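Everything on this sheet refers to the single structure shown next.
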Amino acid sequence: MTKDTGWSRDDMAKRAARELKDGFYVNLGIGIPTLVANHIPDGVDVTLQSENGMLGMGPFPYPDEVDADLINAGKQTITELRRSSYFNSADSFAMIRGGHIDISILGAMEISQGGDIANWMIPGKMVKGMGGAMDLVAGVKRCVAVMDHTNRAGASKFLPKCTLPLTGRNCIDMVITDLGVFSRGERETRFRVTEWAPGVEMEEGKAKTEADWVWG
Amino acid sequence: MTKDTGWSRDDMAKRAARELKDGFYVNLGIGIPTLVANHIPDGVDVTLQSENGMLGMGPFPYPDEVDADLINAGKQTITELRRSSYFNSADSFAMIRGGHIDISILGAMEISQGGDIANWMIPGKMVKGMGGAMDLVAGVKRCVAVMDHTNRAGASKFLPKCTLPLTGRNCIDMVITDLGVFSRGERETRFRVTEWAPGVEMEEGKAKTEADWVWG
Amino acid sequence: MSSKVFKTAAEALEGLTFDGMVVMAGGFGLCGIPENLIAALRDSGAQNITAISNNAGVDGFGLGLLLETRQIKKMVSSYVGENKEFERQFLAGELDLEFNPQGTLAERIRAGGAGIPGFYTKTGVGTVIAEGKPTMDFDGEEYIMETGLKADVSLVKAWRGDTQGNLQFKKTARNFNPMMATAGKVTVVEVDELVEVGSFDPNYIHTPGIYVQRIIEAKCEKRIEQLTVRERSS
Amino acid sequence: MSSKVFKTAAEALEGLTFDGMVVMAGGFGLCGIPENLIAALRDSGAQNITAISNNAGVDGFGLGLLLETRQIKKMVSSYVGENKEFERQFLAGELDLEFNPQGTLAERIRAGGAGIPGFYTKTGVGTVIAEGKPTMDFDGEEYIMETGLKADVSLVKAWRGDTQGNLQFKKTARNFNPMMATAGKVTVVEVDELVEVGSFDPNYIHTPGIYVQRIIEAKCEKRIEQLTVRERSS
C-alpha cells in the first residue's frame, strides 16, 4: 500500500521517534506508536514504560523465553532488560499521572485545534473501554498523537472541535499525520505546521484540514 | 512506688495485654503500652506493627546485633522476626488509616466520656508534635487508652470533656487506669466500669472520676 | 495462631460468598488472575455479583466463567474488549458496566484500602467520566473527585506466599493484585508456591501478611492472550 | 545516556539550590537520613529553606546542621522533640513550623508525586489539624481534605542504587524516602553502595530509576538516637 505522496505508517512512526530525546521515559500506545520502538535514533537511549506495571520493556521473547507472567499493555508477551523494574498498577499510574513520563506517543481518531483528543469510543458501536488512555493524556508531560490525516471518506480528522467523545481536553502537543507535523510550544497557543511529508503541498494540506493552524 | 490499692504501671500493662487476641495485628504506643509486649498471654500470637514501617517487630537486639537501620517508632534499636516485613511510611499509614490494625494501646493525658482523647500537647509548653498518634486513633479498629486515673494534683483525667487539645474525637473504646477498666461496646454508647483494681471500691472510683460512667 | 492456610479454593471461599456481594479480582488481561478462586466463586453459586476487575476475562476463562453462568450483575472495569458473551449480555441490557480509566480504577482501589474515601485527579476532566462528579480547582486547574472502592471479598493471585500471608508477585502479574489485597474485607489468595515463614527477605515482601486472611497453593493454567515472539536470527 | 552518577554530594547539588527553595529530606529520626546531602545543602549557603521532613534532626546532626546556620525558615514535620536549637528558634519566633500527623504527611507526599492535589482523611477530624480545611461527608462520617506536597529538590537516602537510579532501601531506613523520591522536581539520592545496572532482581526494586535524577555513593555515620539492647542470658 505505497502512496505517491505523504508518509506511510512506518514513516510516521519514524518521524515520531525523532521526538524521543536521550534519557527519556516513554509510553507508546498500540498501533502505529508501537512501531516507534523500531526507529529510535542512534545514540538515543530511552526507557519504555508499560502501564500494566513495568519500566524498561524489552523486545518480544524468543519462543523458548515466553513467560505468561510478563506481558505489555497490549497483552503481548515481552522480555525484560537489565534496567527493568516491576511495580503495581497504582504505582504505575502514579508515575503516569504524577507527570514523570516524558512523552506519550498515541493513536487518535480525532484531534481538535485546541488539543483535545478522542480515541476511545464511537457512539453506537460496542465500547471496549478507555484502558489507560485517559490517564496518559492527562498525566504525561508531552503527548504526541499519530493518525491518518483523513478518514476513509476523505474527511479531516484534525478538526475545530472533536465530534467523538473526548479522551482528554487540551492535552496534545503535536500531531503527526501522513501529511505532516503540527505542533505547538504551549498548550495555550495554536498549532503550527512545521513540516510537510514529501510531495505534500500547502494546498493539499489546507484542503484536507478543517482545524485552524498556522504555517511555519 | 508500691501502692496499697489499685494497679501499678506493670499491672495496667498486664490488664491491657488481655485485650490482645490470637492473630491480632497490634500497635503499641510509648510509655506503659510498651510494657504490654512483656505480658502477652500464653497461646496468643500477635504481630506488632511499628508505624515507621515494619510489621513483626522483634525484641531489643543483643549488643552485637544492633543495626542503625532498624529502629521502632520510639527510635529504639530493635530486631526482626521470621515473619517481619518492611514498607514505606505511606504504606505503613495506609495500613493504620485503612483500618487494618486490630488494636492500638496508647497512653493518654485526658479521656472524655464521649471517647475523645488528648495526648499530644499542653498549651503553653513546647509542642513536640503529634507524630502518628492522630492517625492511630482515627484509623485503628479498636483503641485502648492506658493512663493514671488522676493527675498529680489528684484531679480526674477521665472527664466529661477534655480540656486539652484533642488527638481524636470519639475514638476510644476502653480506658484502663490504675483504678479499673472502663469500656463500651459501640462508639455511640456510654462507658461502663467493668472491673475494679484490687482494693478499689466503687466509692473511691466515683470520687476520683468526673466522667459519667455506668456500673457494670 | 489459627492458620490462614486452606487446602482448596472451595474451602478458602467457604462462608464468604453471598448473593449481591462485591468481589475484586486481580489481573491484567489473563495475566495474574486468580484462576482457581474465580472457578470456585462460580461453583459457590453466588448471584448478582458486582465484580471489580480491570478486564472481564475471555469467553470461558477467568471472569468469563462467571459471565457464562450469569452470576455477574455489574462489572467495574477499564477495558472489556476480549469477550463475546460479555458484549452480548451488555448489548442485551442484561449486564451493568461502569468504566473507569485504568489509573483511576487502580487509585480508587488503593484509596479504599488506605482509608481515603475520595481524592482528586485530572484524569477524565472534560470527558464523560467527569459527569456528575464533584470538581475542585487547584492552582487554577480543574480536577474531579473519585471515591475509594472496597470489596466484600478480594481474590488475589500471587507468585509465592508464606503461611503468615506475606506475598511476592512475579513480573507484570503483580498489576492490581497488591491494592486489591488491601481493599477486601476478606482477602483470599492463591499462590503458585506456598512457603514457610522466614523464606522471604523482609525487605522484599510486596504484600504484608496483615492483608491476607486465607491462602491456598494451586496450579494455574496461565493462558496467554497474545503470544508474540521473535525468531532467532542464527 | 547522560550519566546520573555524581562524585560528591556538593557536585550532586550543583545548580539545584536557591534561596527560598522547598526541600524534602527523607528519614525517621536519624534513621535513613541523607546525611551527606544535608551537609552539602548547608554548604551551598541556600537561605530561607522550607524543609519537609518527618523530624528536624538533633543538635549538630541531620537537619540540625541547617538549623544551626539559620538556613531553614520553615519546617513541615510531625515530631520535632529532639532538638534544643529548634526549640530555641521556634520559641523566639524565628522559625515557622507546620505540624502534620505523620500519616497525613506521608500521604501528602505520595499524593504530590502521584498527581493528586487533594484527598480526604479521617485523621485530625475534631482537632486543631482540621482548622480551616475543607471537609466532606462520606457515608455520614466527616473527613477533612489534605493537599499534595511537592518539593524543588528531594534529598533521599537509599541502601543500594544502580547507575540508572533504581533503588533498594534497607529495613526501617526506608520510611519517607521512596515517596519523597517521587515528589521532588529533582531527586538526589545518596546510597551506601552504588552498583551496576542489572545487579537487582527487577521484582524487588523499591524505587524505579525514573524518579532519580542524580545519585552518589557516600559513607554515612548512621548515628543511633536510642541505643537499646538486651543482655545475653548465658
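Just so it is clear, A, B, C and D label the chains in written order, and each chain counts residues from 1 on its own.
Heads up, the rule we're going with is that a residue touches a chain if its C-beta (ideal position, glycine included) is under 8 Å from a C-beta of that chain, and two chains touch if they have at least 3 such contacts.
Since this is a predicted model, take the numbers as computed values, not measurements.
The interface with the greater number of C-beta contacts, when A-C is set against B-C, is A-C. Centre-to-centre separation between chain A and chain C, using Cα means, comes to 28 Å. Taking each chain's centre as the mean of its C-alpha atoms, chain A lies 36 Å from chain D.
In whole angstrom, the spacing between the mean C-alpha positions of chain A and chain B is 55. Within chain B, the positions touching two or more other chains are listed as 80, 86-87, 93-94, 97, 139.
Contacts with at least two other chains are made by residues 107, 110, 114-116, 121-122, 169-171, 202-203 of chain C. In summary, the structure contains touching chain pairs A-C, A-D, B-C, B-D, C-D. The touching residues of chain C, counted against chain B in their complex, run 1-2, 110, 112-116, 162, 164, 166, 182, 197-198, 200, 202-203, 205, 208-211. Contacts from chain A toward chain C in the complex involve residues 50-54, 59-63, 65-72, 74-78, 80, 86-90, 92-94, 96-97, 116, 126-135, 138-139, 165-170.
The touching residues of chain A, counted against chain D in their complex, run 22-23, 25, 45, 47, 49, 55-56, 80, 82-87, 93-95, 97-101, 139. Taken together, the chain C residues at the contact with chain D in this complex read 107, 111, 114-122, 136, 138-139, 141, 143, 147, 168-171, 202-204. Interface residues of chain C facing chain A in the complex, by the touch rule stated above, are 28-32, 54, 77-81, 87, 90-91, 99, 101-107, 109-110, 121-129, 159, 169-179, 206, 222-232.
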